[in-house]
Every structure is written in structure tokens, then in C-alpha cells.
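Here the chain labels run A, B, C, D and E in written order, and each chain numbers its own residues starting at 1.
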Amino acid sequence: MSEEITEKKNDSNWKPLILGILCNWCSYAGADLAGSSRLKHPANLRIVRVPCSGRVNPLFVLKGFQKGFDGVMVLGCHPGDCHYAKGNYYARRRIMLLKELLQSMGIEPERFHFEWVSASEGVRFAELVSEMSEKIEKVGPFTGVDCSKVPAAF
Amino acid sequence: MSDKIIAKTDLRQWLASLVAGNDVIAPLGREGGPAQWKAIDGNQEIDLGAGQMVMAAKEYLLPVHDVLWRYETKKGEEKLEQPELPDRPTVMVGLRLCDARAISVLDSVYMDGRFRDPYYATRREKLALVATVCDDPRWSCFCTSVGDLDEWAKGVDVLLTDLGDNVYAAPVTEKGKQLVQGSFFKDPTEDQTKKKAEAWEKLKAMPKKPFAGKNITENVSWDAAIWDDMAKRCLGCGACSYQCPSCSCFDIQDITTGSLVERYRCRDTCQFTDFTLMGAGHNPRPEKKMRTRQRVMHKFKYQMEQFNIIGCTGCGRCIESCPVNIDMRDVLTALVEQAD
Amino acid sequence: MARIGVFVCHCGTNIAKTVDVEKAAQAAANFPDVVYATDYKYMCSEPGQNLIKEAIREHKLDRVVVAACSPRLHEPTFQRCIAQEGLNPYFAEMANIREHCSWVHEDRGQATEKAIDIIAMLTAKAKRNEPLFTKEIPLTKKAMVIGGGVAGIRAALDIADAGYKVVLVEKTPSIGGRMAQYDKTFPTLDCAACILTPMMVDCASHPNIEIMTYSEVEEVSGYVGNFKVKVRKRAKSVDASKCTGCGVCYEKCVVKGLPNPFDEGLGTRRAIYVPFPQAVPNIPVIDRENCRQFTKGKCGVCEKMCPAGAIRYDQEDEIVTEDVGAIVVATGFDLWDYSKLGEYGYGKYPDVISGIQFERLMNASGPTEGKIKRPSDGKVPESVVFISCVGSRDDEHGYPYCSKVCCMYNAKHALLLKDKLHDAKAYVFYMDIRANGKGYEEFVRRTIEDYGANYIRGRVSRIFPEDGKMVVRGADTLLGQPIEVKADLVVLATAMQPQPDAKDLARKLGVSTDQYNWFAEAHPKLRPVEFLTAGIYVAGACQYPKDIPDTVAQASGAASKVTGLFSKDALTSEPMIAYINEDTCVGCGLCASVCPFTAIDLVEVVDRAKSTREHQVMRTVARVNEGICHGCGTCAAGCRSMSAKLRGFEDTQILAEIEALANVHS
Amino acid sequence: MSTDIHEITKQQMPNPYMPHLAVVEKIIEETWDTKTFRAVFQDEELREKFTYEPGQFQEVSVFGAGECTFCLTSSPTRKGYIEFSVKRVGVVTKALHELSEGAIVGIRAPFGNWFPYNEWKGKNVWFIGGGIGMAPMRSILNYCLDNRGDYGEISTIYGARTPGDLCFTYEFDEWRKNSALHLTVDAGDDSWTGRVGHVPGYLMELAPKPENTIAVTCGPPIMIKFALQNLKELGFEDKQIFTTLEMKMKCGIGKCGRCNIGSKFVCIDGPVFSFDQIKELPPEF
Amino acid sequence: MANEVETKIREEAKKLLESGEVTVVIGWGTGSAAFKTTPVFVEKPEDVEKLVWNPACTNNLAVYLPQVAQHAKVGIVVKPCDSRSIVTLIQEKQVPKENLKIIGVTCPGIVDDASLKKAGVKLSEVQGLDWDTDCVVVGAPSGKTKLPITDAVKEGCRTCTQRTPVISDVTAGSVPAVNPVPIEPMEGTPEERRAYWAKQFERCIRCYACRQVCPSCYCAKCFADRNDVRWTNKKADTSEAWMFHMGRAMHLAGRCVGCGECERACPMELPIMQLNREVQRRVEALFDFVPGMDIETAPALGQFEPEDPDPNEH
């Protein structure tokens, strides 16, 4: 792992790899709209489609970080817009908590993004991907949850 | 054999010299946690006074996670490979006699059974044991109640006794003799030899439990009342077995990473419900009582019948780790008392 | 293990231009369990689908991954395709390498790499797909149409004519909607009432149609085929069963001079009223906010005067629950409030009016009985300025979109003005003329050429009164010079906007709206009259600005969707729904408490492990009601023991996607 | 008994954890939930020399899904391939069911003991099987039939829940040729003309004589329980009755500790036991 | 100090058993060492003398309830934290409230092997344990030593704010005057924190003792044990252990009552409570929710408010 990370850190062509978990009705549709509107954005996001942000088990996100992705993004319908009425409200509780916990665990806040994107917000989607890519590029490659680099301070 | 003396200040140098020709496994202090068995490079501060380690010496022979083989499934590139096993001689330094004895128990299962376990055997054959005589038994220790320490001492390669500023090193085997070499070793004085003998006698004089000297194998009964009592309290965790120096059961699992399949074995325990649960849902030991009984009977009866060795060395780890204070000494006492 | 086929689509050059499709197919061929991979120009075409079918036969494929466009577009296409070869349709997966890849990336290397990742993920998912099956669910063959404008009326009539019951729910006291306010319609200049009134009457007399006016939808539950809609029937204070529509009550009502919304404030009504003479039903309602009986507690004139004894001051709102199988949403539009615009006087000049007010001024049954008089002093205008794009195509003050009908009604208004007042001058300020309907361009030309309307290309920057006239100052961009017109009346073509409560209704219905709160159809081209929520359809201008022909066409479209739905004996259930592994469920009830549809119940089952032949021990487990479950998966994400699962989006499948992605990059 | 097969196994498997790669040559759909797989070792030399005894078992790996224990249902008298029957119950068996012909599996075999067929020479043998329990007995049945002259009367009682649950129907004619085959089902269907009823009951009807006879029974626990009772009633002694035990196994070589019953490991001391041996074990079955 | 409480526990237990209101009383009994207690299941009135109360009564006995009290009337002795576990279990339908008779005890804080060792006590010499005002008294051959409570008790007890049971039929003992130590959020840069946790999880041997002692971990099949979905495998690997502990932390979110048993049971000294407390702290801040306080309140992740903290405002 460590060699791989060092390699990544020294690689000027390194691009962050971001896992996206998107609800089918709003955010995935928003991403589709970004596509049909030809809104260019960095090719760093890989999308897993789920029916609703309520389907997002926090363990999916944890799995993403365990697997060493540089970032994870969870997108769902705006509050009140959920195709299933309330799924995104439950998701919000789970994911907000997870978001904070990940900070306790030392995963930089830039690496996890939770946001609402509606089916009409193709522009917003493209912007989000660009913004997140930039932020992660600044913090650099993720060294993993079993980070080999252990600072002496602890 | 030719017993030697080494000053404590020279220990590190000795270990460094061992590292030159051997892999050396020793207790390594870890910040924020208990000392652990780790391969050392000769430069670290090792802690021979760590006493009994949380994890038993089986840690090296039966790692928590041991790859059995790897299979590449990619079309046209299918290949089955066994991982490389250590080919350098290995020395384990600082284990207690209970752990050393436990290795004999493991040997019986992994080396003497009908099939020989190549992973264990390869490591074991290259392994020399440099054991330490306990000078400060813990509250949970009961080795002298389940075994004959003089007999156990024959199972190691070198036996170390702490004499304060010096350590008395007694090679037990030819292999051991090879290890106790170097300019830092001196011949012991008579006084030192006497002190060493006293330490040994002191250890053996440790207060014995009511079941000491009894034939536990004959007393372990299938219908004992203690099983119900244990089962009520037992929470079915694996702490006792995971830490037990002689528990040897394992699980086999596959991990698939892309096209690569890795099969490994890892620790497992008869205390878990899943241990005997079959695919179709049938479980021959569905109740906690059956599982707690299995563990004790296996150690004290079945292992004796199979290999003529008791599967418990009185290290006390299960007693210390049990979250509900099921004390093996009480269990054995109850079994013996019931039989009487 | 699975035998997966991967089919990479070029989509002409849509994908192939940016993604190296051959390379992607080659990479896919090496993924675990992939036994066949190829690329083709148009996977969704017939030859493309045949290619898949042949490969299924030849390579004994049991899973198919099509790397092409969004599954939201063509998933059903490929599900049908593989089903024709005898595979379970849910063994098809789509890797979205167009919308999510080729269309949004420029670097061919990166796009190809991403496409390969996406294919790897979906291949891993497909491997874990289980066959899914649909079930029959009952169907209530009765529809509800929300909104009684021309769209709602047309839809209701079409559904009713096909032999199904319809409930038509209208918020105001009468059906008719916006069209009832119009004078004439473009481009044929038919009288709006002549077209609409017979339809309204047909509606009222149709045996299959029940009209609920003065009513609003309160709550919607259930699902396609089985909706339960709670409708609040607001108290009209008039017993509809007794009222004969004689009109004595409103003739005698003592509260006069209330602005009549139907006349857009130009006319008046009383506290008990029918909004317009042709109202259907022709039953008055009491405006309780202004009625003296209600505000002062005494009056009772109408009650005394009513010959039928139909006045009911004690009438209360009634909540009725309707069981319907389908819902058509036809709630129409609202108009932008031009008083927001300072340049045009913030609505403080009475002679600056909106197009629909002008419509009322021209209407024979309007406040001026069809005589065009300006509101301030009743003077017949000699010159009228019509301004288009007020709030439309105006990102700064209004909306960025085009309201679509303004160009046409501006032309209509100018023409009718000239028709009625031959000497009057008509000026039309416009940005572009968008006359793209049947006969529309000809109509505009006629207005200009035959009727002499003065079209000025340019924007109006300011309107202000001067000497009893309204000075309209702007620029003629064709001549490139400033222009000032002195007009007696200014008519603003204000933007169409969604109804203020559209968002609320969308929430109740569980459908989505776009950024302006227009209702959002499932797909603009493939499913233009449907919502994503099954069983709910959209018609008319609640979706987007539309003219009457488009509105009516869409209404008929929505109606035909409803009748299509009702033509089945029963519905088939969505197979991607939740289920519970009862063996590992501990009955904690978390799933039930988070289910948005209350589709999960806790039930008692025999605990086989603890029961003996003599003594039965029960335990509690969760169970999913398959008819109610929508498949959101909120239960599955919450269940700690992972006993609640979601078909089609199983943990195994989602994790497989995540792991496959990690594997490609490790 | 013949030469120690365990010695042969050790030679065949220097590392008993390393499977031999084998190709699934043929898949027979026995019933709705059971398939029989015929596998052929990739290594030609091994294919030639591979040998086992009837009653022994093997560990089959589906790479990535894991490993599962199955008895060898083929008879060592029929060379060149091995067979095993799989009922779909868990993760590995499901993965096996999803395999198609030509797939590669890993096989560790042969393990465990076997039926003492040499000691049975000259005796009558009754096979009493139910459901998937017929799988281990098919090996010894076919072995006995292939050495028909060594044995006296050979009879099989084979029952299943429904006619559709009967396995190995394609061998029934062969079995009938040289031995007696008595079929029964718990519930028949329109085409079923045979007997309807449970196996133990049928056993009482057929009433084999215990003299010079061996009984082998295998099937669901409840069937074994009553078959055993009935055999006793017919005068069979425990040592005349054999069965093969099923227990969760992982290693197959007496290390992992799962199949431990008393001082025996089912994987090395079993799976074949006579009932007088089982009586000596702790009552965990 | 413990004696009055002990007497009261025994009296109440005796009443319950004699009247037949319960078939068993679960409490703490004398352990195999002076600093140990063990759970006891008292079924006969004459056996109530087995029940003890002292600073070593560490077990959260609620862990037994889903198995024992599902279909039988059970008496149970609980500390404040244990009582909160019972609230959670009732809420989550694992125990019918009507099957329970709860004997509550007020609690000044509990010791365990690790906390005593940390306070410098030599375990093999301990002869007895008791409380005095804000002290734990350790009896040894050399005499009695008084240790300030906050120095001697388990990590979770130091910060505990609940000193009386939240649910009980009777409560023994007076409210102890012990000031909790405030909970400090984790410090350090993200990288340091991550490295810290990696180092902790590296030690995990996956014995699942933490899970088994936890009253809230009652799943019939733990996500970590599922073989159909590999959330985490048994490989002794830091990242797999991370996955297990993080998954467990999320599953305990809004449910962990902070009894600290998981950390005590861990043979490898993983700071599991620190993790749980991080979750707890944030659940309280985000949703104003404290678990195990009220049977009527839905669990934190089983409800929502439209005004919950939103990603866009947070």
C-alpha cells in the first residue's frame, strides 16, 4: 500500500478516484442531464445507482474508504422532493452522522461529500464533481484507513 | 549441557547476533496496547520482562491470518500457487513455559495426526524456543496444577532464568546450545546456579488447586452440572479460545480481489454458533451448553484420548479474558468435586 | 459461475467519438465471468438487438451488460430484448457510458478508462443479479383528474368516454379554467366560449364524470392502481342538491364591489357569487371572508331570498376519500406578477394591464361587455402598445424561459384591437417573433400586413404617464434608435409561471418538479405525459407553457395512457421491492418505522429453533407488504442484521460494484 | 481392508490444502434442487492414478465462493472421473449450481474412511436411503454391483418426498438388473404407479432377515432414526448397520476442529460408522 | 457503603422470587477473585445471599435479557447504564417490559482489571473492594488504599452523567455525589487521527468479545458474520478491522449507552469506547438525542425531523 501511495503522490498525472452513490430519480437523472447538456467535468467520478438515497447504507461509504477511494459522494433528492417521500430524510440523518464520524476517524472532510441534486440540476451536478475533484486534488491521494504512515506525534 | 550466564545489559547484543542468522520473534512493546509478538530487527527495545503476553506464542505458528494458496482465475492465466513459507531458522524468545508446552499440544494436532499440516510444520521445524522461567505468576496462573513443569521444560531449546542483573541461560537441546553462543556468555558461578534452582523451585511451589494431581480426563463428565452454570453466564465470545495458547481450531475463507482468489485460514472457535452450523441450517451444537462443554471436554478428555496430552497449560488467559469471569479453575474444581 | 456478455455501443459517434469502444470491449472481455464482449454501432437498433440475441444463443450467455446510454432511457429496451431469448429480463444491466462519460469528457484516454471502470462495475453487479418476477396487483378502474381547465376537461371526457369513472377536482367554484377567461383563440379566432362551454356541459352531464368544484387534494397515498386520495370539499355554504341556479341570491347580496378574480380584478362580484355566467356547475358559493353573515354574524339576506332554501351557513368542509387507479394532474399555470417590474410602473398605472386583463376587456361577457375601454377613465383607446416577453426570457427579473404563447396572443390582441377599433393604432414591442404552430406565422403576418399592426423590434425600458397617456420608451433595435410611443393603454404579455401551490401538490403526489416548479415529466420525449411515479400523468400548462392545441393534445395523450392502464385486468407489481430474511430478522422494527409507505408490518411466526412439538414458541419478524412497497430500500439500509433486503439493489450487488471499481484500480 | 488409502492420499496430495484442478465435464440435473457433477482432473497422470474408496468424501472448491464437502457418489470401479451430488442449500452449493460444463473447480480428495466392503464379502447387503442420502450409497452400491459375485442378495430401498425428488433415475434399470430396487415416495403424482409411504415402513414390509446381512442407511435424521428402530426390531445388531455421518467440515484432515465428536474426527475417523461405533461417541447426533 | 445496597438487593430479590413474580433474578455474584464478580442467576429465595454489590460489578446484565426474558418473567439488578440498555431493548422489542422486574442501584462508578492496574493496583494482592465518599477502597494484605473515584474507575464511568437508573421498579442506594469528567473531542490533524485509529485497529484479533458483551448487539446474524455479503472478512488486517468496528459503531449510533463493556472485554485493549463516544457526542449534537432515556422516544436513526441538520447548512 505504502509504495503505491508514494507512487501516486509523486505522479503528476494522478487524478482522484471518487465513488458516487446517486439516487435514481433525482441525482442520477441530474447526472444524465449534465450528460445530455454536454456539461464537461473531470472524469473522476464513478457512479453507483441506487433507487433512493434512503438505500445508502452508511457501510457502502465505509466500504469505499476501506477500499481506498480518494473520495466518496452521496447525492439524493432535495428534502421534500424524494420520489419515495421520506427516504432522503432518513438518509440525511444517517449520512450526516457518518460524515461527522468520518472526521473523527481522520478522513479529511474534503473526501466525503453529501449533497442534494435534483433531476434538473445538471449544471449543479457538473459543478459539484469539478469542485470535489479540485478539493481532493488539494488534499492529495488517500493513504487508506490502514495508512502506513504513522506520525511520531501519536 | 553447558549452562551460561549473560548480563542483562548484553541481552540486546545477543539478540542482535541471533538476528544475523535467524528470524527472531520477541515481545515488542506497542504504544497504546499490550506487547505483541513481532519479528525484530535487533534494534528495537524488546521486553523480556513483559511477562505473559496477551497473545500466546501460537501467534507465530498459527497466525491470525494465514494464506493457504492463491488462484488466478483470469482466462488463459489460471494458476494455483502456494505462498512462500519462511526458510530461515526462527527463534522465539521470551515465551513462558505454559506457552512452550502449548506448542507441544499444537504439535500433536498439526504434526502427529494422520495428516501433517505443511504450513505449521514448515514453521515449526525451523523454530527454536527460548523460554523464560516465570518469576511472578499472575493471579490467574495454574500451570502447576495441570502439568509437570520439569517435563515441560524438556520441550524448549533454551530456558532462561532471571537472576536480577543477569540472566541464566540453560540450553536444553543441541539447537539451543547453538543459540547460546558468543563472547557475552559466561559460565555461571555456583551461587548463580543455586539461585536459578531456587527460582525454579519457587515456581513449582506455586499453590496448587484442588484438581491438581487428579486425573481430570476421567473426571470430565458429559452430564456435569457445571455445563449448565457455564452456559448461563457464557456470552459466546471467542476471547478465551482466541487467546488460548493451545486452542487450534481454524476457519477457512476465500477472498476474491478481481480475478485473484486467495484462500486463507484464520482463527475460529467452537464457542461461536456458526462453528458447526451447516449450510442447510442444521447445527449439531445449537445450544451454548453444548459449546461450552465441547471446549472443556476437548481440552481435558478428547485431546488426551487422541494424542495423550492435555490441551490446557494453565496459562490463565481464558480466566483473565472472560468477560463474565468463568474461571477454568472453578470449572475443573467443580468437575473433580462432582466426581468425588 | 455466470456467463456474461458485454455489448459496447458506439451510439453512432455519440460514444465512439470520445470512448475507444473497441478497447473498452477488449478490456471487458477480460473481466471475471465475461465470456463474450463486442462493440456495435447502435446497440438499441434492431440489428444491435439481434446481435445480442445471437450472442446469447451462441455463447450461452446468462447475463447481459449493455454499455451505452443511461439505463433511465433504454433499460426496458434491453430487458425486453433478452427476455425474448428466454432470459429473465433483470439479467440485463446497462453501463452508462454516454451521459456519464462520453458526453461529459473530452480526453479520450480518460473517458475510455472511465468507461472501462463503469463496465467493470456493472458487470460485477450483473453477475450477482437474481431473476426477478412480477406479481399481479389489483386495479381500481377509476381516475382522478386534478384541475378543471381545458386540459382537465378534455382528459376527463376522454377517459369517461372510454367507459371509466372519473372524478374531476377543481379548486375554484367552476370548471373552465383559464380558457373560460379568453375571448377568442388564435389562430382561428374561434370564440373560446363556443369551444369550451359545450365541453364543460358535456362534463357536467356525463354519467361517468363526477365534478368536485371548490375542492382541493389534501393527501395522496397508495400506488398505481390503488391510490387513496383525500379531497377537501370546501364549504360552498350552498346545498348543491337544492340549488336551482336561479341567481336570486347573488342579485340580492348586499356586499357588492368585490374584485372578481375571473375578470382579473377589472370587474366586480358580490359575496355570494358564481364566477361567470356560464359556470359549471352553476351553483353559487359564499365568499366567507367577505360575507356579512360570516364577518358580522348577521345578514342572512341570501338565505331569506333563496326560493329553494339552499343556503347553508353551517356547512363545513368535507373530506372525502376517493379510491382511484390513476391520477391526471392538469392544474395549469399562473401569470407572472408584473408589478415586480419597476420599469413598467410596479402595477401602479391602471392603464398598464396584462394580456389576460385585455382578454377580459374584449370579452362580451367581461366587465365592459366586450367594449375596449381603458381602466383608468373608461376611454376607448386610440393607441395601444403590446409588450412581449414581460418576465419571460428575462433571467434578471423573471424567468429565463420563453412563455411560448405570448407572441401569438400579442398578435391576436393587436388584430382584434384593429378589428374592433379600426382607427386605433397597435404597437407591438417584441424580441423575436416565435410563431411556430400550424397557421401561426400566417396569422402574425396577417396582423401586420392586413391589419397594420406596428411591430417594433426592441425592448421597452420605461413606461410613464404623461398628459393622460402612457409614454412607452424603448429602442428600435432594427433602426438602431430610441423610440417613444404615446399610448392610451399598454398591454403586457406577462410570463407564464407554475401555480403557487404546484410544489405542495407535487409533494402530496410524490412526483417531482423542475427548478421553476413546473411539473417534471418522466422523460420529455419518451414519456412526455407520465410522471416517474407510476399511475400519475400530466396534462397541460402545469408542465410548461403551452397553447391550447398542445394542451388539449397532451390531455388526450394522458387520457389515453390512463385508458391504456385501465384496459388491463390487473397490474403487475414492480419486482424491485424489499423483502425480509425472516431467519435472521430479530423483529426490532426499525425497518417498519423508517418505511415511507408503511409497507412493513411486524408479525409473529413460530420460532422453529425454540419450539418443540408440545410447546410452540413465537417470535416477531418483519414482513413486507409487496403491494405497497415502492422499493426505495430505506429499510434495507437501516437494517443492522441486513435482514431487510431490496431486490435488484441487493447489498451484494452494490458492494460488487464498489469492489469491482477498487479492483480495476488496485 | 486394502492398502492404507490415507498413504495414497498423502502421496496424491503433498499439501493437503492444495486442491487439484478439475474440469466439470458433465452436469446432470437430478431434481429441482440437486445436481450431479462429473469432474475430470486436469492433470492427466493424476486422472489415471487417482483412486479412492466407496464412502470417502472430497472437498470441492468453487474459486471465490469457497469450499464444501461432498461424498464421492461415483464408484472407484468406474475410472477416469469422479462424481458428486449437490443439493442447493448455501453459498457454495449455489455457486456450484451456477456452474456450467467446462468450468474449473478445485478438488481435494479422497478423505475419510470408507465402507468395509471386504468384510461384507459373501453377505447380503441392504441399502436403505432417503432423499439426497442416496448419494453416498450410490458409490458403494455401484461398487458392489461391479463386484457382484462377492456379495449375496443386494437390495435397495430408496424413498423421496415426491417422484420428482428421486435422484439417479437413469441408473435404476442398471440397479434392477443385478439387484432389487424398491422405490417409495411420500406423495405420488399422476404418473406414479409405485408405492407411496415412508422408507422405514417399507423396510418393515420387506422385512430383510438379519442373518448374514449388512444394512446401510443414509438419509434425513428422522428417517435414520426410524429405520434404525425397525432394523433393530427385525433383529439387526448395531454392528451390522452402517451409516455415513454429516458434519460441517473445513479442512478434511482433522485439523480445523469442526467435525470433532468426542475423540473422533468425522473427517478422518469417519464419515462411515457402524452403529456400535456411533454408540461409543458422545450423543451429539 | 455497598452493604446497605446489597441488603436491599437481596431483600427485593427474595420478595420477587417468593411471590413468584419472577422465576429468576439476574445479578452479580462473588467472582473468582476479590476484584471480580460474575453474573449469577438466582432461582430460589434462599440463594439471594449470592447477590453482591461492589465496585467490581461491571457486567451489563441486560445482555442476557433477549435470550432469557423474551418468554419468562425475570428480575434483574441494574446500574444506571444497564437500565438504559433495558430501555433500548424494550424500545427495540427485544424484551417485553411486562416480563421485567428491575432492581436498580445507584452507581458511583465501576472498576475493572485494566482500570485498577492503571491506578497502580497489583491485582494478585487485592482482597476486597468498596466505595467510600468519592473513593474506591482497595483492601490488600498491606492495608486499605483509597483511590479517588475518577482515577480508579473504568473509562466510561469517569465521564458518566447518569448516576441513577432511568427505569426500575425499586432503586437501592442514594445518589452518589460524583462529578463526571467532561468528554473531550478528539484532537489532532486528520492524518494523525487516522494514523491513531489505524494503529488501534491493527491489534484487533476479531474475537468479537466486544460484540458479545454488548446488550445492543443482539442481531441473530451479525453483518460481520454474513457469508452471503462480505462486508468484512475475517482476515486479520487493519482495514478489515476498521470496517468491522466502524460498521459496528454506526450500528450502535444512537443506541450505545456507554456502559463500556466492549472496551473492558477487548483483550487487545482497543479504545472502543472512544469510538462510541465520538458517535455519541455527534448524535447528541446533531439530533439532540441521548439513547436509552425514554421508552417512548423512537431511536435516533429511526426517525427524522424536516429541520434536521442539512448538508447545505452544515
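Quick note on the criterion: contacts are C-beta pairs under 8 Å (C-beta built on N, C-alpha and C of every residue); 3 or more make two chains touch, one makes a residue touch a chain.
Keep in mind that what you see is a predicted model, and the values were worked out from it rather than measured.
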Target chain D, source chain C, minimum contact steps: 1
Chain occupying the middle, per Cα centroid: A
Chain of greatest Cα-centre distance to chain C: B
Centre-to-centre distance between chain B and chain A (centres being mean Cα positions), rounded to whole Å: 46
For chain C paired with chain E, centre-to-centre distance based on mean C-alpha positions, whole Å: 54
Separation of chain D from chain E, taking each centre as the mean of its C-alpha atoms, in whole Å: 50
CA centroid of chain A to CA centroid of chain C, Å: 32
Of all residues in chain E, the ones touching two or more other chains: 199, 223, 228, 230-231, 237, 301, 303
Contacts with two or more other chains, residues of chain A listed in rising order: 58, 63, 80, 86, 90, 94, 154
Junction residues of chain C - those touching two or more other chains: 32, 583, 594, 638, 651, 655, 659, 666
Of chain D, residues touching chain C in the complex: 62, 64, 95, 98-100, 103
Chain B residues touching chain C - in the complex, by the definition given at the top: 73-75, 257-259, 281, 286
In the complex, chain C residues that touch chain E: 583-590, 593-594, 602, 617, 619-620, 638, 640-643, 650-652, 655
Residue numbers on chain D that touch chain B, as the complex places them: 6, 10, 14-19, 21, 61, 63-68, 87, 89-93, 104, 106, 246-248, 250-251, 253-258, 260, 262-263, 268, 282-285
Contacting residues of chain E [partner chain B, same complex]: 31-33, 36-39, 41, 59, 63, 113, 123-124, 199-200, 203, 205-209, 211-213, 225, 230, 233-237, 261, 264-265, 267-271
